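Each of the next two complexes has chain A plus one other chain: chain B in the first, chain C in the second.
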Partner chain A sequence: MTAGVAASSRRVSASRSVQMRAEALAGYAFATPALFLIILLLIAPIMVVFLMSLTDYQLGALKWSWVGLGNYSDLFADRIFLRSLGNTFIYVAIVVPGSVIFGLFIAILVQERTTSKAIYQTIFFLPVTTTLIAMSVVWHFLLNPSLGPLSSLSRAMGLGEFDVFGDPDLVLFGLAVIGIWQLVGFNMILFLAGLTAIPRDLYDAADIDGADGAWDRFARVTWPMLGPTTLFVVVTTTITAFRVFDTVAVITRGNPMGRSDVLLYTLYKVGFQDFNIGPASAMTIAFLVFVLVVALVQAFVIDRRTHY
Partner chain B sequence: MARAPIRTDRLIGAIAAHFFLILGAAFMLLPFVWMLLTSIRPASEVFTAGFNPIPSSFAGVTNYSEALTKSPLLQFMWNGVVVCFGILAVQLLFAIPAGYALAKLSFRAQPLIFALVLFGLTVPVQVTALPIYIALANLNLLNTYFAIMLPFFLSVFGIFLFRQFFKSFPQEIIHAARLDGFTELEIILRIITPSAMPAIAAFAVFSVTSHWNDLYWPLIVTTSADHATPPLGMMIFRDQETGSNFGALMAGAAIITAPLIVVFLIAQRQFVRGITMTGVK
Partner chain C sequence: MSNLELTAISKTFGTTRVLNDVSLSVRDGEFLTLVGASGCGKSTVLRVIAGLEPQDAGSVHIGGRAVDQLRPKQRNVAMVFQSYALYPHMSVAENMSMPLVMQRLNLAERLPLLGRLMPNRSRVMTEIAAEVDAVARQLQIEGLLSRKPAQLSGGQRQRVALGRSMVRHPDVFLMDEPLSNLDAKLRVHMRTELTELHRRLGVTFIYVTHDQVEAMTMSDRVALMDEGRIVQLGTPSELYHNPTDLRVARFIGSPQVNILSGTTTGDGVAVSDAMLQIPVSVPSGQEVSVGLRPEALSLDAVAGRPHLSAKLSHVENLGAEVFLHFVLPDTGSGVVLRATLDTYEKHKSRFDRLVHLSVDASRALVFDAAGHRVDGRVQAALRLAVSA
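Take a look at the complex of A and B:
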């Protein structure tokens, strides 16, 4: 009797271990192709870029040598790189608050609509999906100082012409307006998802506590409850804005006087037009470090916040 | 008596909300409207029109046919279709099995692979561009569809999305299928993949949009119009026009943006689901 039970349980555990082995085998079979791509297209290129950042390699050159951290120290003495970095930070500093505040504002207004909610949502989201290159060409035309409608409107109002993309002091602001135009709808969607997750009874409770104005409800319930969403939106917007490239490549190409040189555009010029692989690799690593730092901050702070 | 002021409050609030929303919507739509208006405007009027929204006569046929004949716009769009669907097919082929393995099968390397996927989520394509470009140049593969697609065959975002989606798939159904003699491959093909249709739709919309719109990588690996994707084509078109014919240029922009706008209007729910599925949770 006991021997029989033992034997059958041995059989069960044997079949379970067979099952586990089959499962592990299947796991490797299904994950290995993806792992192969991860190594080929992600890990190996990052390692190669790091190694190249320590050399003076030029594309097509037969000879190259190690230069240690020379490319990095050159980078931080390079006027064009520092200028691009500064311009990128200014751009981020306009686009992030602009698109986050407007995104939240529009989400709150849209959330309370009933019949018109879907229409507004569609309109505000439209720029997120449309080809930014084509729309940049349109924006360039809209803001053209002699042919654009906005300029002739300001002429008609006696304000004179304005040339947003030709004015060194306005160019980043002009690009930032396009950046905000493109990102507001995306942020609105994220905030809408956050807003629907706020339990209705919190507003009722705040009501009983005497918070009846729209501002009161926002300050006491909406804003605190949206904390994690807001943080997430700020981080994704920061990373997106930091990667600004399309509008610069189409509209300004870094002009006027380098006032719209941004990090990725400079990286593109150094790496893929001048083929200065060493400096471009160092720039790539600096870019990666920045993105990773932002991601780490996000992981850290979100963990803290959500566990209260 | 006590109710009336609340109701007028509400009304004023609603009017104010619509006021701001309509103002914002007008700003959002301004480039689209101006693009369409200019695309049907006679060339002579573009230079004198100023802020005059309504074209004096309809020149849409001239502008659109000029856009289509002066530049291989249809070729650019076809290239976009080939590239987007090529990328999507390979991404799904790799990401669905990997997502299933990471969600439902236990094996030693699983946590490591998942950690690599999470790491990959934070790495933008510009980071790996240099070495992949050099490799393609050495293999003489620049200016090919393959070169435009290669870096995107791996979608760690796709693997992550499918892993999250499969996590909530009931384990009992998989057990029952195994007892019925299904192999793991049959489970993926006949049970898991059909169940994942909402996730596949959301991912497909996300993937096609981002690769249809991508400029950075195609700009690096293609120099000819033969393989240029729509954004690159738009730049080529713009540069050969050099400001001479804004009507045709806007017609070209309208043609290039039209497919995605149509996709978006049809699949809006998938767009939004794709963002919220990975965004907030």
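Take a look at the complex of A and C:
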């Protein structure tokens, strides 16, 4: 009797484990296409780039050889690369705070509108929908020292003409202004979503507690409650700013005197004008690492302080 | 002196009139509850008192002082929200300190980093911490002061919200459905705790709820609201035993009052097969609604009392008492009767047939078609109220 029970329970558990294994297999089977695509489209290209960064391959060349980490050590001795890295960091350091603060400021202003909210939202979002290459041409004209309206204005005011894209000290700021102009709308939309999610009750409580001035409401409720949104906005903006390319390629081509060389533009020149795929791949990997580090630092360090 | 006076408050949102000529006088130290179904305007009254919502007409006086032009913080009221509205990024201690910090530190001293350099700040902050600590001890949350709201249970958050409202010693406490997010057991417990707190503080409480049990058990007086008006204001017992309006009779009491349709005759009201001898102030031959509380009916025949013939449909056994649901065969309407378990057992054998429910006509509530009380008893009560 007891033996029978034991045997049947063993059969039950055996059949259960068979079923569990079948379910697990089915699960993996369902996940396989996605996994295959992830490997094919994301992981494999990165691996290929990494492998190429260990070679001296030139585009179209028939022969190549392994050079180990040679490309990387060359990279960090390369003045042009280091300069474009520095320029990129300066660009990011201007664009990220600029577009985040402006985006938040505009979002708060737009949020308080009632009937005109949709109109303002659309206007500020317009730059996001435009093609940056086309808009670069427009900006180039706007800031042109002899033809541009801004220059005419400064001439008329007796300030003389200024050449933003020709002045080594101004060129990065000029590009950063375009970058900010393009990102503000997107950040505004994200902040608007964050603002809508703040419970009204908190502002009522703040009113009753005496935090009813604009500054107190912002500092005690709005800003802390926007923590997660701000984190997300900063990460996406940083990554977008790191990828600055269009404006440089269209307007300055790294000039004057390499003061507007940025990472992706240098990478493009090395890889697709000089056909040095090996060093270009090493730059790509370096670029990926920087972006990854930024994302990780922000996700792990700041994230812990913004979620409650 | 912190009595509260609302005079002819009206408020319109868009095209809907949410408050319609609401006047209310609350005595110093009173526990007054605004009760009503959702959308009746009770929360808006609270928000008008707090100054969160400006009224379109009428005025608010707190302690004899008109506060209409004052901002919420200047009215010295405290509010507990249904959602508690705790600041999620602040610890319990910071949440509770907030009203005092805003009151006692100036803008410079409140600045995030620079504020620490101001000479006064640390002294004031120590004082505040001591006061917060004292309130936390009263509420038995002194062990939670360093936690964030997300780490607290519903009941603990409720206490923190209470604590935040207590630290500033307000003239009036405003509570907007503070118990409705708690589970049933905790709610019953917090009911006692809140009444206890009210007794201890001796401060005016204005309490908003949709739960008539909370209104009945906690308040000195209850104002029942419907469609932006106060329908009846009185003690819980007045509202239960002597409602002036059909809406009040229906809203107060659980199980609900039985409403049966009747017709007035020369000497009373005919309801189903019973003839209730009650003086009414409407001419005979009129349709009226007769409200009978479940305890106005009894299974035992009482000499001289009229009776309704009814058939038992089902039984709700609550242990000590039972609610018996009957159907009147001629109209098909249902009535509920409250009986002790013993009475129920005694009559159990008869329930397969029609039974006679005796009606205590002296407790019947008669309402006309517009829902106003028309029996003699309410007239007497109203006369009494006027002369008093």
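The working rule: the second predicted complex is superposed on the first by the 261 of 308 C-alpha atoms of A that agree within 3 Å, B and C clash if a C-alpha of one lies under 4 Å from a C-alpha of the other, contacts with A are read in each partner's own complex, and residues count from 1 in each chain.
Here is the rule we go by: a contact is a pair of C-beta atoms (placed from the backbone, for glycine too) under 8 Å apart; a residue touches a chain by one contact, two chains touch by 3 or more.
This one's a predicted model, so the numbers in the text were calculated from it and none came from an experiment.
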Exercise. Once the structures are superposed on A, label A:W215 by its partner contacts, choosing first (chain B), second (chain C), both or neither.
Key: second
Practice problem: Would you mind checking which one, chain B or chain C, touches more residues on chain A? | Solution: B
Exercise. Kindly classify A:F162 by the partners it touches after superposition: chain B alone (first), chain C alone (second), both, or neither?
Key: neither
Exercise. Scan A:F89 for contacts with chain B and chain C and give back first, second, both or neither.
Key: neither
Quiz item: Between chain B (first) and chain C (second), which does A:G227 come into contact with in this model arrangement: first, second, both, or neither?
Solution: second
Quiz item: Which holds for A:L59: it touches chain B only (first), chain C only (second), both, or neither?
Solution: first
Practice problem: Examine A:F290 and indicate which partner it touches, taking first as chain B and second as chain C; both and neither are also allowed. | Solution: neither
Quiz item: Now for A:L202: first (chain B), second (chain C), both, or neither, which partner does it touch?
Solution: second
Quiz item: Which positions of chain A sit in both the chain B and the chain C interface?
Solution: none
Quiz item: For the complex, which residues does chain C have touching chain A?
Solution: 47, 50-52, 71-73, 77-79, 81-83, 85-89, 98-99, 102-103, 107, 110, 112, 148-150, 164
Self-check item: Footprint of chain C on chain A - complex, ascending
Solution: 199, 201-202, 204-213, 215-216, 219-221, 224-225, 227, 308
Quiz prompt | Complex contacts: residues of chain B adjacent to chain A | solution = 13, 17-18, 20-21, 24-25, 27-32, 34-35, 38, 46-47, 49-51, 53, 94-95, 97-98, 100-102, 105-110, 113, 116-117, 120, 122-124, 126-134, 137, 150-151, 153-154, 156, 159, 178, 184-185, 188, 209, 212-213, 215-216, 219-220, 230-232, 234-235, 238, 246, 249-250, 252-253, 256-257, 260-261, 263-265, 268, 271-272, 275-276, 279-280
Quiz prompt | Residue numbers on chain A that touch chain B, as the complex places them | solution = 19-20, 22-24, 26-31, 33-35, 37-38, 40-46, 48-49, 52, 59, 102, 105-106, 109-110, 112-113, 116, 120, 122-135, 137-139, 141-142, 147, 149-150, 152-153, 155-156, 181, 184-186, 189-190, 193-194, 197, 214, 229, 232, 236, 239, 243, 245-246, 249-250, 264, 267-268, 271-272, 277, 280-281, 284, 287-288, 291-292, 295
